[in-house]
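Both complexes shown next keep chain A, but they swap its partner, so chain B is in the first and chain C is in the second.
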Partner chain A sequence: MTASRTAGVPRQKGGPSASPSQIVAFVTFMLPIGALLLFWEGVVRFGLADATILPAPSMIVVRAWELLNPAKAERSLLLVHIGVSLWRALAAFVLACLVAIPLGFVLGLSTGTYRALSPLLSLLLPLPAVAWTPIFLVAFGQGDLTIIGVCFLGAFFPVLYSTIQGVRGIGVHAIWVVQSMGAGPLDLFRRVLLPGALPALISGLKLGMAHSWRTLVAAEMLAALSYGLGYMIFAARSYMDVSTMFVGIVCLAVIGLLIEHVIFGTLEKMTVARWHSSGKVRGTR
Partner chain B sequence: MSADLAKVLPMNARSKPKIVAKGIQKSFGNVLAMEDVTLSIQEREFVAIIGPSGCGKSTFLYLIAGFEKPSGGELTINGNAITGPGPDRGVVFQEFVLFPWLTVLRNITLGLDIQGVKREEAEARALKWIRLTGLSGFENAYPSTLSGGMKQRVAIARALTYDPEVLLLDEPFGALDVQTKNYMIRDLQDLWQEANRTIVMITHSVSEAVHMADRVVVLSSRPSRVIADVRIDVPHPRDRRNPTMHRYEDEITAILSAEVDKAMSLERQIR
Partner chain C sequence: MSAADLAGAKPLSGERAGALLRNIITRSGVIVTLLMLWEVAARLGWINTFLFPAPSNIAATIWTQSGPDGSPPYAMPMHVLRSMIRLLAGIALAVVIGTVLGVLIGMTRWARMLFQPLISIFMPVPTLAWTPVLLLLTGIDDRTTIIVVFIAAVFEVIYTIVAGIEMMNVKLFWVARSMGASRLQIFFRVIIPAIFPYLITGMRLGTGYAWRALIAAEMLAASSFGLGFMIYDASEYMSTNVIYAGIILIAVLGYLLENVLIGRLEAATTEKWGIQSER
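Right after this comes the complex of A and B.
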């Protein structure tokens, strides 16, 4: 056991200096993207595509730079669009989690309630949340309330469904073990139900955030008065400003990727991934 | 055959009944698992339960643990009806049931953690069992990285560490090799003799049962009844070469094989 303690020297990945294997991973990730961009640039430059419909990547970068307005960062239009969009998607996601996670635990634990509500859930889960936008527009008019409401629905069902599945996946024996040790309801929740449901819950959060982000674009196109990436893309059509549309699309893709990998990737590394790694290289907490 | 030996070695003559089962019935839907199990387990007794697969041994253990309710009959501990699980009865499950999010050490200290024992004390008490179960060096490993036998040892150490009055063991050595098993059997026996716990152990091995237990109870095939209750009157530590033990083994094996033969031929007639 001394071996396990002394071997606990920090050998963690993802420190400030990247390891060679990480650089390799990054390069293999970027290579196909770089190739596509080069090809795309070539196609436009050689006149094989109409630049007013498909602008070259270099033109998109130039437009992005203009929108970013780095000289006056406090009045950067692009940053405002991004900020507003992020705020809406995150607010909707957090609200959805606040309702869906506790509800998921209740439904996961009580088979009766689950049976009663399950048909409803299977009907609502596959429904694209954007479909609600016109109804929300009628009810609340254009603006944040409608957009956040629609995104809320987009995030709500995946989180709810995953939480239920996670709780239902916990074997009754696991619950019995802690009950036979004298655990009350709080211990049972903290020590078994929550960690037991966590793997499913994390994939639900990932899915919920992704849905919120996707729903957001459509909802902003339909319901935003000003600002937001969806609004920016949609508004640019009046000026035939295709470059700006592409800037918006690229932002949506990159931010979506970052949220999935940085936020949820870290959450996964801290929990689920750790449980399946050998603990022998790690010291006690 | 054991009547005369019982006079020579009145092992638990002064002890009182700890767990009493009277006419226990248990059915799952329309499957009758237990028909009429009547059994009295004395305080500080080591009882082994043996019986054909699927006869309701695990079910009986879960009834004693309070996880399930009997469909009929009376089940008491210290004279009180069993109403639910409690820290006085520790269980080692047939399928281990470790928590993948806790390290080996945290899995083992779990009972003490729940009971609010200070972390240092809990770890000190766990270390004794980690050592005896041969898990030293794996304190910080997660269960997913352990072999089946190691998982089983963690499950045993977890139940022993929080020191319940009654230990309910469901085939606790099933995944272990013979050598490791012999070590564990010896340690479990030492514990039982030192601390005077009541132990109910389910096993498929007649020799394991005869070697360890005060009494071997044989259950019939489903729906189960007690078909034999044999007191093993051989003082501890027992020697495997002792001819008396071989006689016990033969006796119990004969009862068990007859029961399994009967069950199998019945089963095949139905098909």
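Right after this comes the complex of A and C.
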């Protein structure tokens, strides 16, 4: 269930240096999207759909421009919403990594602890992080603390799980060999455990950030006091400002894609893809 | 990342029932110990019992809320039932529409060209971001939550079915067609049996997403019943007992749905058809 959410998104490379076949692929990729937008625009323009409930794409673009307020960039409302959301998601993600990665190494290395704790983990893993929101609301009230707490839980379990899997996937022989050659615990960690677990760890990080971002939307709708994309969407609902809602949805999707494909995609290409072509640290256990 | 392999679940082959019992005891050992520690700490006043009510209190809440003395009577089963109905309705929609779209995308060129770009722009949108829009379109009723469940599950179903069709042997079609099968016959006799294991896998993964999305959507959009509504409503009355009861039910039901119910179904179908649908 890890790759599925990101799969099916073909990587597109347009640009002047693209070969003709890539341009054709890009055009055929964009064609249905353009057609849908045109159809949508037409339906609204000809009065077949109520523009107050389903605004035309052009209206959404206009609204986005207004919110972005490029004339006064330092007071751009949209940028503030995006910035606050990104800050919350990142803070939660970093905190989750700080706790989950060391814990994952401990659980991955000691089979006994892992065995003892795994029933608890398997009960907590399918639990949606948003379900903790009411507890946080009672404890901390609305605000950043609640939102970051919920997103922390959203990111924590994927990172923990991947770290455990990564460490457990390292062959015990690799550890024995290095130990028999007289490696200390630090050497073992730096030369065997970390490189061995890193592929799984990186995909766990990617998943954790994606979960943090997805959880953020719900948490902000439920618990944000002032800023954030989720808050923007939910607040716009009270004013029937559907254009703003669609602006928020587009922003959420685009930023999510950027995080997943640009940041973590390059990270994966730089690390995992390169190592896997040379040699894998995999074995039986 | 199914929780089943996290738990290290293995089919019990020739082992005796005693091993199973011992397995259950060791596996639940930590949970029971934690609960007992929690109980003692709460009783002795070491932890804030408002934020962390004793497990026995939570259990008592579940018990009274499940009976005629709950407010409203039989509240807990009603919440669970409503959540389940919404989940089932959304999943059923996702399976039907997802199968049709998946088969179209897998089998025809035009559908692939048409739908793949659309899917790849809609998939990155966090499912819950649609909730406010749906609320405006349909109002606060079951349709909003059902559509959210549908959106959460449908991409998974489409994806696994397309993968299933790509794994199919072209010769199957040649044989069927050369024997004079119609398109409808090919669909029901060749494609559906071949993709069925994939469909179950897609359903399991989709149900996992859908369950998470449902709880959040109910917190945002339900007006009377549903587990998500229950815990959010309880947070406004600060009744932490009910919130914990809800979280426990959500966790247990989520686990049962994803691993036991559909997991069994998946194991049975892959065993029967002998196809490994690896994801």
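Simple rule for what comes next: the second predicted complex is superposed on the first by the 232 of 285 C-alpha atoms of A that agree within 3 Å, B and C clash if a C-alpha of one lies under 4 Å from a C-alpha of the other, contacts with A are read in each partner's own complex, and residues count from 1 in each chain.
One rule holds for everything that comes next: contacts are C-beta pairs under 8 Å (C-beta built on N, C-alpha and C of every residue); 3 or more make two chains touch, one makes a residue touch a chain.
Being a predicted model, the structure only gives us computed values, none of them experimental.
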Which superposed partner A:Ile53 touches (first chain B, second chain C, both, neither): second
More chain A residues in contact - chain B or chain C: C
Which superposed partner A:Val217 touches (first chain B, second chain C, both, neither): second
Touching partner for A:Met245 - first (chain B), second (chain C), both, neither: second
First, second, both or neither for A:Ala25, with chain B first and chain C second: neither
First (chain B), second (chain C), both or neither touched by A:Gly182: first
Touching partner for A:Gly171 - first (chain B), second (chain C), both, neither: first
Chain B/chain C common contact set on chain A: 1, 3-5, 8
Partner chain A, residues of chain B touching it in the complex: 62, 65-67, 84-87, 89-91, 93, 95, 97, 99-101, 103-105, 110-111, 114-115, 130, 136-142, 144-145, 162
Chain A contact footprint on chain C (complex, rising order): 1-4, 6-8, 26-31, 34, 51, 113-121, 123-133, 135-137, 155-156, 159-160, 162, 205, 208, 211-213, 215-216, 219-220, 228, 231-232, 234-235, 238, 240, 243-244, 246-247, 250-252, 254-255, 258-259, 279
Contact set on chain A toward chain C in their complex: 1-5, 7-10, 28-33, 36, 53-54, 115-128, 130-135, 137-139, 158, 161-162, 213-214, 217-218, 221-222, 230, 233-234, 236-237, 240, 242, 245-246, 248-249, 252-254, 256-257, 260
Chain A residues touching chain B - in the complex, by the definition given at the top: 1, 3-5, 8, 171-174, 176-183, 187, 191-192, 195-196, 198, 271, 274-280, 282-284
